[in-house]
Each structure stands twice: as structure tokens, then as C-alpha cells.
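The block underneath contains the structure these notes are about, expressed in C-alpha cells.
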Amino acid sequence: MNLFTQSVISGLMTGAVYTFLGIGLVLVYRTARILNLAHGETFAITGVAAALLAGAGLPLGAALGLAILISLAFATGLHRFVLRPRAEWPAGTLILITLGAAFVVRGVLILLAGTDPLSFPVMFEGPPVRFAGGAMPLQGIALVVLGFGVSAGVGIFLAATRAGKQLLAAAENPYAAELLGVNVERARITAYAIGGLLGALAGVLLIPLIAVDFQSGLAMTLRGFIAAAISGMSPVGVLFSGLGLGLFEAMVGAYLGALYQDPVMFCVLILVALWQSRNIRFGGSRRA
Amino acid sequence: MRKFALARPAALAAAAVLLAPAATPAAAQEVWRIGEVAPLSGPAATVGTRLNKVTKMWVEEANAKGGIAGRKIELTTCNDENKPEKAVACARDMIEKGAVIIFGNALTASLRAIQPLVKSGPILLIPSPNVVPGADTYGFQVSPSDVDITEAIAEFLKANKIDKIGMVAATDASGEVGVASARKVFGDEKIELRLARIDLRATDASTQLARVAGSDIKVVYSSYTGGGAITVVKSFKNLGLAQPLIVSYGNISDAFVQLVKDVKPPRLLGTGVAGIVPEIVKDPGDRARSQAFLEAYAKRYAERPDMINLLGKAAVDVAEAILKTPNPKDYPAVKTFLESTPIPSVHTQRFSAKSHVGLDASSVIIVELKGETWVKADPVK
Amino acid sequence: MTAVLQVEALDGGYGKLTVFRGVSLAVARDQTLGLLGANGAGKTTLLKTIAGALPSTKGRVLLDGRDVTRMPAYLRARAGIGLVPEGRHILATLSVRDNLALTRAIEGHRPDLPPFEHRVAEVYAMFPRLAERASQLGGSLSGGEQQMLAIARALLLKPRVLMLDEPTQGLAPIIVQSLAVTLAGLKGRFAMIVVEQNKAFLEQLADRILQVRSGTLVAADGRPATDN
Amino acid sequence: MTPRHGAIAAALALAAALPYLQILPAWTTALATVTAFMALSLIGLNLIFGVGGMLALGQAAFVALPGYAAGLLIKFGVPTMLAIPAGVVAAIAIARLVAEIFVRLPGIYFAIGTLGFAFVVEGLARAFPAYTGGASGLVLDPPVSLGRDGWYALGVASLAAGILAFAFLVRGRFLRSLRLMRHDELAAQVLGIDVPRLKARVFTIGSAYSAVGGILLAYFVRVLAPESGGVNASLESLAMVIIGGSGSLFGPVLGAAGVQWLFAVSGGAAHYELLVYGLGFFLVVLFAPAGMAGAIRRAWSAATRSRPGEAAPAADSASQAAAGPGAELPARQRQGSGVCLEVERVAKHFGGLRAVDDVSFEVRFGQIVALIGPNGAGKSTLFNLVSGIEPLSGGRVRLAGRDIGDAPIHVRANDIGRSFQVPRLVGDMTTLDNVVLRFDHLSDRATEDEHRRRARAQLAAFGLAEFADRPVREIGIGYHKLIELARASAGDAPLLLLDEPAVGLTAEEVARLAAALQRLKSLGTAILVVEHNMDFVATIADEVVVMEGGRLIARGAPASVMADPGVQAAYFGALS
């Protein structure tokens, strides 16, 4: 077995997870100006729901479909019934509301699923693909392809399509967008729906490779947040920051030891935060 | 300072609390107060809830029979959320309220925080292999220690003429203890150890496995418990590794089997006390008790008991023996009693004045998953 | 007179705070109405309420005789109420062209709409400066250019009624002058309401001037306005 | 002792006795002890987040650091009694050091940075088990053995001391400055607050609370696990502060006690506690942003039907009566004579854009200079260069002969009063407090009462006395410009920079403004105004400076400048 190849494979898979979760956070942040700490809950909800439904005898496809719908309902419901009526509140308070929502989900999931981890079968079965002394499961390939592919799609959608630009405009200045005929509310709920869908997809693809439990949500949010923060909340940047984080984690794990992963990785995060904020002056506006 | 004008409201609230009907319990009949510190939420919730199920079952059964030595048991379970400060608050309160026994159904850091509190009693029962209480304390461990478990693995390797092992250990406390035991035991036994740590957040263990599971390695050991263990097993399968994989005692459960049944490595082994496979227990008494517990538990909770339940059972059996002594509150006497009397359980516990660990490596077996049940492991070729 | 926009006994404000009360006015297709008033008099709130960005608490707003009082702002924009808001609200991170393209949200909701390219060509002809800077970011424009862009955006809506909130604010006199010329050129194409503090500017432009005083409309001479 | 103090004392005594009374199920001495230490450390987070508005997502790091520092010292042979205070000092020193980094992180980046720091501390604690005890936890032996009651007494006493210190510290000038900084950092700088330093100070003091509470808790528990310094612990701390009432004196105590009690009383409740806790937190942030403290306060004022808060002090009301509306500006020393502001060949480049290019002019004491020019001519940039918001690319700025080109904003603020195009007042504070803020940060350090008296007189001089005790947000927007002018000119700064002071004012208000400026001028103040309203400029200005495209194109008396053909073409165009 070739350790380097395997590290790259592992890094790609881990990076896809970072990106998958990061892009959803970026999307909601860029359209609704909210750092959604309940984002990872869509991952946990999907996983727990799919595992329970599949366990109850539903065919896997149906269980996954239903689970994704539940997760979508959560993501859009959070916006529609909780955040939207409070759109005028300060950003910090809205962040805390999403944290509260994450806590509530955690409380519900422990009641439904107990404390044991759950999982469900992979969608892409078959022997792993082997090359250059490494092995990659089919589900892992799907995770990498969809993770980076979908995230790139979202990035392109935001930067290059009319609907994407409307979404960005709705975020930057909802009042102006509304006066120009943009249905801001629909733009926002679309963002939450896409975000929820991405979290759910990440769950569907990743959980068969690991497991999920009641407290997976916040951990996944944090993972996405790290990627998003390093990218400077940029929909294109998060592709690279996610990939970089994944490779970094795999390489450190392989050659340095997992114990040093966090101190090094988060020192980098602090440095990146410093670098990114260098051009922001007091009051939050960018320097001309 | 009008922001802080809270004084009168606070006084009023306090008065309201004072005037509320004081719900002091009437001087009820004497009971055995027993405390349990267990993580029911937080990262170690799996362990805490499983041990708690056994403790609860024991209390129900004992009280249904009219209690022990004529007294009913009053169990207080305190959720420490796997935080030492909570564990300390829980344990201190239990001691204050006159708990005769405390079940330390918690993990390493919490247990290390509670231990000093029982310097002069009550008895602290510990079903965790990661903490070895000193023989001068009132702490008693009903599980084989992590060193014992590692020794059993070493025995197994030697019996199969294997002199190299690959090990994946988490960056948490169990991994830390596991690594220390492995270095010591495998070093003593001249078994080459190849080691990789894995972060708790990891969603893939393939680099770790790639590092430790070379073609020269005949057996891989994962000391990981819980969700992380599943990641290791699944990565193992994905890499298509052919070696037998040994998982730690915490994974010898139905829940784990359900999670890995589709992704089982060619051979999945595990560590555990023999009671988990009653058929191979030599002592007929131990065998009968194990069998009886497995059945009773399955009936009560409609699920198969696992290793952690079994260790919980060992703890409640010791507790029952203590309550049957003439004066369970005479802690020095109880300590002497435990140090001199074997306690029959799913495995007979033999504490001594030199060791407060009731079981040793001889009680540990290497099991293997066949179908959906764990049986004694076959040799490794 | 057939009014394009008719406001009947409208009350509005922020939350529980009523800013204006009992406002009635009507503007015909070829008419420009000037609203004069000091800061805090309620002019901006009134325009925002007519545009649907703020809810009204009483009264009605009719566009071409159709009651739009319950319509959200984006639907009113699609129906033909254009507002050039105070402060212009240019999207700083989008290019000039993308700022203009935002108005394409109304396409498909208005059968009479010429293709976007035609409409853009029309506003570029009116503001050649914008055509030169089409790919520049909105935030990099000068104040006067931003005002042009804000007006151009509103024009792309093919409004039935165009409302301008303090268009001269913060502009240098030379630019104010060219703005007056531009707006005069638009007169007659649709109904206009211009809110200003600059009386001279309004007098150049408006057919009729009303004053907003502490939330009510009065005629320029101070007597109660009897508009409809 | 006032009745209020008596009530506080009674409530605290009762709360302290609560675990012994056994009337609250599961509220025991040990739990109360843990809660007390936790609440003590949360006071720090409350200062940083609740009062200072800095979203610190990694505060638990500073709760764990002193224990680890002490443990390390003990490992190297330092006696425990010495190692404990040294550990606390080390933690505070680290807080001071990292504060240097964090205070430079605006908004969300501060949250990210602090979050990262918690991960680093937790990770380091795990990575070096030989020094930190690793994941199994660091064992700490208390140097003295305190019994149950001893620990509890220590808990209550340290918490009481912490609360008192907080109440003593977070008031008056410090509290006002924090509220302004939280509201508007630029305005804070312009009023003379060294924002990075104030933030660093708040962060350090808050972390000192965390450290003291943390080390007491660590020695009570005897074991310190890496998780106690990590992100989850930090988020839980934040949740407790919010549930208790962020920004309020008793919030941390109520939050810690409420959450700990909730978990204790619902112990073994078959997993329901997480949901109860989650719902509790969620409902508080949704419906009771002021937390438990706010709810209690509201319930209390509803019960007594009294308005919360105190009447203005008697001395203030007396001076208010003395200074009737329209009174003259308070007597003061005349400003100097000669040149006040000297702008010499000043330039500012943004990349290739020359926003200000080789501009020189001066403003003398007792002179009003108007800066005019088309939009984008560089007037605002020039203002920013003079007040220090932007660094110079070239040239010099002198104030009364001193070169101030390198001085930071808050240092210049002592000599420069500035108003903004859109007034930057704190809406939640009274008009008076908004003006007192200006006096707070001038180099002369008079007493609080003196400052309040001067601020009241200043408001009276601008005809604003009636608004003094009302929050600014309740006052019509038309007055905000005038209030800001009163604030900018308070404290006799030799130079005033006024950005479009007449925009949005009625004719009547413009007249009042002109009169006020004339009075300031007569006292010798140098005034530089950016303005578009030419009538207004013609009335007040002694000299006009015209800019176009970043360059100065004309300078002189209003009438002659306006007649200049170049200016006509560039600026007035067809209008004339």
C-alpha cells in the first residue's frame, strides 16, 4: 500500500466533506447574512431519519428521499418561521438563534435515536477502485465528485447566473432588490433550501462511510465553518479551502500524527483570519 | 447603573422560593442510598446509558423482591455529561447524602476526579478498564484493566505465532491509555507495535490503516469505541485489507454489529470478558450467572446485552454483596471484606489487599463475530 | 382626470409609530407631482409605503384603478411602480450591467415589455456614461453616476409611475442641473412624484407642488390639500 | 446603606444559604460551589460579549489555561502555593498577548480567531500528555484541604467579590465607552477612544475573570481535562451567559445556576434534559433577549408598577434649571491665534487612483473655511486624512504647529472635533450621555459630575436642554446634526471638522446652525466645513477652498472664488 497515495485519497474525501458543508454555510451567509450554526443539523437530521426509516423497513431509496425532504423542511422552516420574522435583529443574535435551533435538534435526535450511532448502507456498492497503491471506495468517489462538483456548481450559479446574482443582490441590499422587482423572500428561501439540500446530500453520501448520532450536527457545522472561514466566505474559495483542509488533515495524520493536527490547523485558521481582515477597517466596511 | 437594578427583584424571587411549600421528604423508612455518576448526554453518552440500564434493572429487581437486607434501594443517577466538574459535584452530593455505594459509571477524567473524594469511603465501583484504583483507596474496579486486555491480545498473538501488530488509537483518553498499555505490554512481550492515532473528528481512517497495516502485519487492533470505531471498520473494508481486525471491548455489542454487518472485514475479532460467550466460561457458577443475566437483560430491554452491560452487571453484583455485609456503612470493614472474599458474578471478582482490580487477563477472551453473534475466536493463520 | 396612481387616506409608519396620516393624492400619466418638506416630515416613509416597502395601516393605493395595497414591493415594481430610493442603493459589488440586469426579475410578468437589450440600449442612450462604465463595479461610481444608475434601473422597469426620493441630495450643483434636464426630458412618458428639500429644483420640474408637514399633505400655500 | 443595597445583600445572603435550606430539589452545596466558580468565570465572558459586544467563541480556553500553567510550573518544581497565582498571572499574560491579535480582527473574524484559539489550547493539552496530563486529564492536588463548607464559602466569597468588582468597574465612563465602541467603532475613535486598546483591556479583564474562576474550579475538581478548554465548553459558556441575561450584572450567575440546576434536577430523565436545555436556550434567544435577569426585572417592575431606573441626580437638575434654552456657550478660555490647521502638499493614493493630490491650505483660529467641490473631488478623503482615519501617502498635516501626520485617530481627537454626514450617535443612550462621552476622553480628567454639568451646559447652549435626559432614538432626526455638533464642539477642541452639517436641515435649523458656528468662531475655534449648500457657505465661510479631481483648483474669499471662471466651469456649470 502506498501511504502517500492513500493520504491523497483520504484527503480528497475529507476535503469533499469540508467543502460540502462549507458551501452551504457560505451560500446562506452570502444571501441572508446569517452564519447558520444549525447548518450541520441538516446532515444529522438526514442521517438519523434515513437510518431510522431504513431500519423500519423502508427501501433505501425511499428512506433517503424522505430523509432529505425532512431536512429541507427543517432548513426552510428555520428561515420561514424563526429567522425571517426577526430579519431586523442584529446579526450576532441571529447567529445565537441558529445555535439554539441546533441545540433543539440535538435534543430531539437523542430522544428519537438514543445515544448509539446509526448508519445505513452505501448507495454505490462494489469493490474499491485501486490505483498507485491506494484504494478508494465507490461511495468515496461519489462523495468527492459530487462534493466538489455540486459545490463548484453552486459557486458558478452564484457568480455567473442571473438567478445567482439576484440571490447575491438580495443579500447585499434587500431593499433595493425588492424595488427592482426581485422576490427577495423567494431568493432567501431558495438559499436555505439549497443549503439544506447540500447538508442532506453530504449526509447521504458520507454517513454510510462513517456513522451518525445525535450530536453529529454541531461537529459538522464546525467543520463547514472552518472551511468557509478560511475561504473568507467565498463560494469559489471554499472549494480550495475545503480541499486544502482535507489534504492537510490527511497528510498530518499520515506523517506527523493526529495529535498535532488541531494545534497546527487552527493556528493556520487564526493567521488566515488575520490576513483576510487586514483590509477591513473599523465599522466593517472594506477599505477602498 | 439602572441596567443592573436587579436587587429587589432578586430578593423577591428568593423570597418566593423560600415561601414555596417546603417539600422535605417525610422521615421515610430506612433505605440504601446509592449513587450513580454516568454520562447520559455528551460524547460518552453511549457508555453511560448502557451502564445505567443495568443499574436501573438491578434496583427494580431488588426492590421488587423487597429490597436487600430488608431495605429498599434508592438510586440517584447523576448525569456528569462527561465533565469532571459535574462528576465531582454529583459525587460530593452523593457522599454528603450518605450514599453507601457510588457507581462510577463514567469515563477516565471524571473517574480520576471522583477517586480522591472517597478516601474514607464510601465504596466506589468502577466498570472502566482505563482507571486502576490504588489498593489503599475505596475504589474497586470490576473490569479487567486495559493492561490486562492488552495482555490477553498479546497472549493471543503469541499463541498464533504473530510478532507484529498494527494499532489505531483515538486521540481521546481511551486511546491514550490504550497506547500506554500497548507500548508496555507489547514491548515486554517483544511484539513489534506499529501505531497510528486518529482524530475524533476524522471521517476516514484509511491513512492510519495504510500506515499500520502493511503486508507484514498479520493483525490490526483498533482501541476505538463508538462512532469512530465504525469509521475504522468501514475504512478497513474499503481498503480491502485481509488481516483480522480486533476491536476493543466497548464495541462488542449488537448496535455495533448492526452498523458493520454489511462492511465486515474478512475476520472481525474483539476483546471482552468471557461472560459474553457463556458457553466458553469454565466455572459453572460464572457460566450460569452470565447466562441468566444475558437472558434477563434481553427480556427487560428487548435487546441483546453487550460487553458494557456485562461490566455493569459485575458492578451491581459487587454492590449487592456489599449491601449484604453486616454493616455496609462500615467502609473499612467492607474494604476488608472485598479484599478477602471472592464475589460471584458473571465472572467471579477477586480483589485483594494488593489490587483493587477484580478480574485479570485470564478472564479476557478474544471473540470473533460469526453471523451476528460473538463466539470464541478461531486461530489466525 | 384619469389617475395612474391614486392614494386614498393612507396611514403608515414604522411598526407602531405612525409617521404620516390621511394622505390622499392622485397623479395622472403626464403629470409630475413635487413633494416638498423638511427632514423627518414623512416624505420618505410615504414613498416607501406607496412602493410597498413598508406596510400601510389604513387607506388604499390604486395603480391604474387596481388596488395594490396588499401587494409586496417586488410585485408593485413588476406592476409598474418604480422608486429611486433615497441614498440610491446601488449594489456596490455588482457591475453596472449586473445592477441593470437585476430588473430582469420583472420579465415574464409584463406582457408589454420590450426585450431587455432594447430597454438597456435606451437607457445607455440617455446616460452614455453608464455605457462607458458598464463593466465597472457599482461601488466605484461617483455620486452623480450612481444617481444615473439608480434612475436607469428604475427606467428599465418601464414604470407607470416613477418616484424619486431626494434625487439631488449630496450632488454638486452642476450635476443637479444636468439631472433636472434629464428628468424634464422624461416628463410626459409616465407619472412622476419627486420628493425634495430643494425648492428651486422642484419648481423647475413639477407641475404641482405639495408640502409634507409632520405627516400630512398641505398645499404649497399652506392650506389643506384637496387633491382628489 | 440604601434600601437597594440592603435588598441586594438580602438576596445574595438568601441565594448563598439556598443549598443549605434544601428547598430547591437537587440544589446542593457541591453543585452550588461548582456553579459559583463557573459563574465567576462567566462574568468575564459577560464583560467581553455581553457588555463589549465581542463574540468570543473560545473563552473556555482562558478558563483552562491557568490550571495548565500551574500544573506545568508544579511539574518543574514550583511550590503549589506559588504556582497557582503564577498560573493565573500566566493565563492573563497570554490573554493580553493574544488580545493584541484578536482586537485587530473585526466582527466575524474575531469569533473565528477566538474559536481557533480554543481548538489550539485543547489540541496542545492533548498533544503533550507528559506535561499536561493529556486526554486523561491533569491531576491537581489542592494545597490546603477545604471541607464542603470551606469550598462553598470560597465559592460564594469569590463570586461576591467578582460581582462587586464588576459593578464597581463597569459603570460611568468605562461603561459609556464600551457601549459606544460596541455601537460604532469609528465614532468611538473620533471621540478619542483608543478602540484596540479598550478592546484589549476588556478582553484581558474578562479573561482574568475566566482565569480566576477557572483555576478555583480546577482545584475544586482536581482534574483538568482538555475538553474544558475547548470549543464545546466555550459555546456552552456563551449559552449560559445568554440564558442568564447577557450584559446584566447578575446574568452570569443566573445563567450558570439555571443551567446547572436544570441538568441536576432532570438527572436521569431519559434523555429529555438535552431537549429541555435546547428549548430553554432557543426560547430565551427568541423571546427574552434580556435573559433571566431581564425577565425578573420586567416581572418586578410590572409587580411594583414602577419604572425601572433612577431619577437624574439632584445636582444635574439644578444645573439644568440654571442653563435655560438658548443660553450662551459656557465661558471658557479663548483659543490661540494664528494658524490652527496647516495642510501641506497632502496626497492620498488608492492604488493608481490619486484621491487627493498635492493639496495645501490652512485654517486659522477663529476662521471658518468651507471645502467645496463636485462629488468624488476628494473632500471626504481629505477629511479622513486630517482626522487620521486614512494614513497619508504624502505631505504633512500640522495642528497649531505640531506635525500630527502619524498620530492615530484617537490621539488627534483631543484637538479635533468632528461631525459626520450621517450623525453617529448612540441611539440607546441619552443625549446627555452622548455628549458626556466627548468629555470622557479629553485629556483633562475632571470628575464625572463635572463632566455631566459641562455636557448639560453645552446642550443648553445649543438649545437642546430639553432633550438631555431622553434617549437619542426618541428624538427627531432633524436634531441629530445639532446634537452631534454640540458633541463635537464640547471640550473646546481647537479644530472642528464638519461634514455637510446643513444637509437635511430646514431653513430655520440652518439659521440656528449658522449662529452656533459664528459663536464658536468668535471664541477662536478653527472650523473646516464640507458643504454643498452654497447659500449657507456664502453666509458663514471666511474662505472657500475648491477641489476637483483630488486637486485644489481655487482658494479665497467666497465671492471671488465663486466668480472664478475655472470654478464656474467645474462646479457651478450651467446653473449660474
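By letter and in written order, the chains are A, B, C and D; residue numbering begins at 1 in each of them.
Basically, contacts are C-beta pairs under 8 Å (C-beta built on N, C-alpha and C of every residue); 3 or more make two chains touch, one makes a residue touch a chain.
Everything numeric here is computed off the predicted structure, so don't read it as measured data.
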| item | value |
| --- | --- |
| Chains contacting each of chain B and chain D, listed by label | A |
| Rounded Å distance, chain A centre to chain D centre (Cα mean) | 34 |
| Between chain C and chain A, distance of the C-alpha-averaged centres to the nearest whole Å | 41 |
| Junction residues of chain A, two or more chains touched | 110, 114-115, 214, 259, 261-262 |
| Contacts with two or more other chains, residues of chain B listed in rising order | 40-41, 49, 171 |
| Multi-partner residues of chain D (each touching 2 or more other chains) | 126, 271, 274 |
| Every chain pair in contact, whichever chains are involved | A-B, A-C, A-D, B-D, C-D |
| Chain C-touching residues of chain A, taken from the complex the two chains share | 162, 165-166, 168-169, 172-173, 175-185 |
| Residues on chain C engaged by chain A in the complex (per definition of touch) | 51-53, 72-74, 77-78, 82-83, 85, 89-94, 98, 101-106, 109, 153-154, 157 |
| Of chain D, residues touching chain B in the complex | 4-5, 7-8, 10-12, 14-15, 18, 21-25, 28-31, 33-34, 38, 126, 129, 134-137, 139, 148, 167, 171, 217, 220-225, 227-228, 247-250, 260, 263-264, 267-268, 271, 273-274, 293, 296-297, 299-300, 303-304, 308-310 |
| Contacting residues of chain B [partner chain D, same complex] | 1-15, 17-18, 20, 22-24, 40-41, 49, 52, 76-79, 81-86, 88-93, 96, 108-110, 112-113, 116, 130, 171-173, 175-177 |
| Touch list for chain D against partner chain A, complex | 53, 55, 101, 104-109, 112-113, 115-117, 119-120, 122-124, 126-127, 184-186, 189, 195, 231-232, 235, 238-239, 242, 271-272, 274-279, 281-286, 289, 350, 355, 389 |
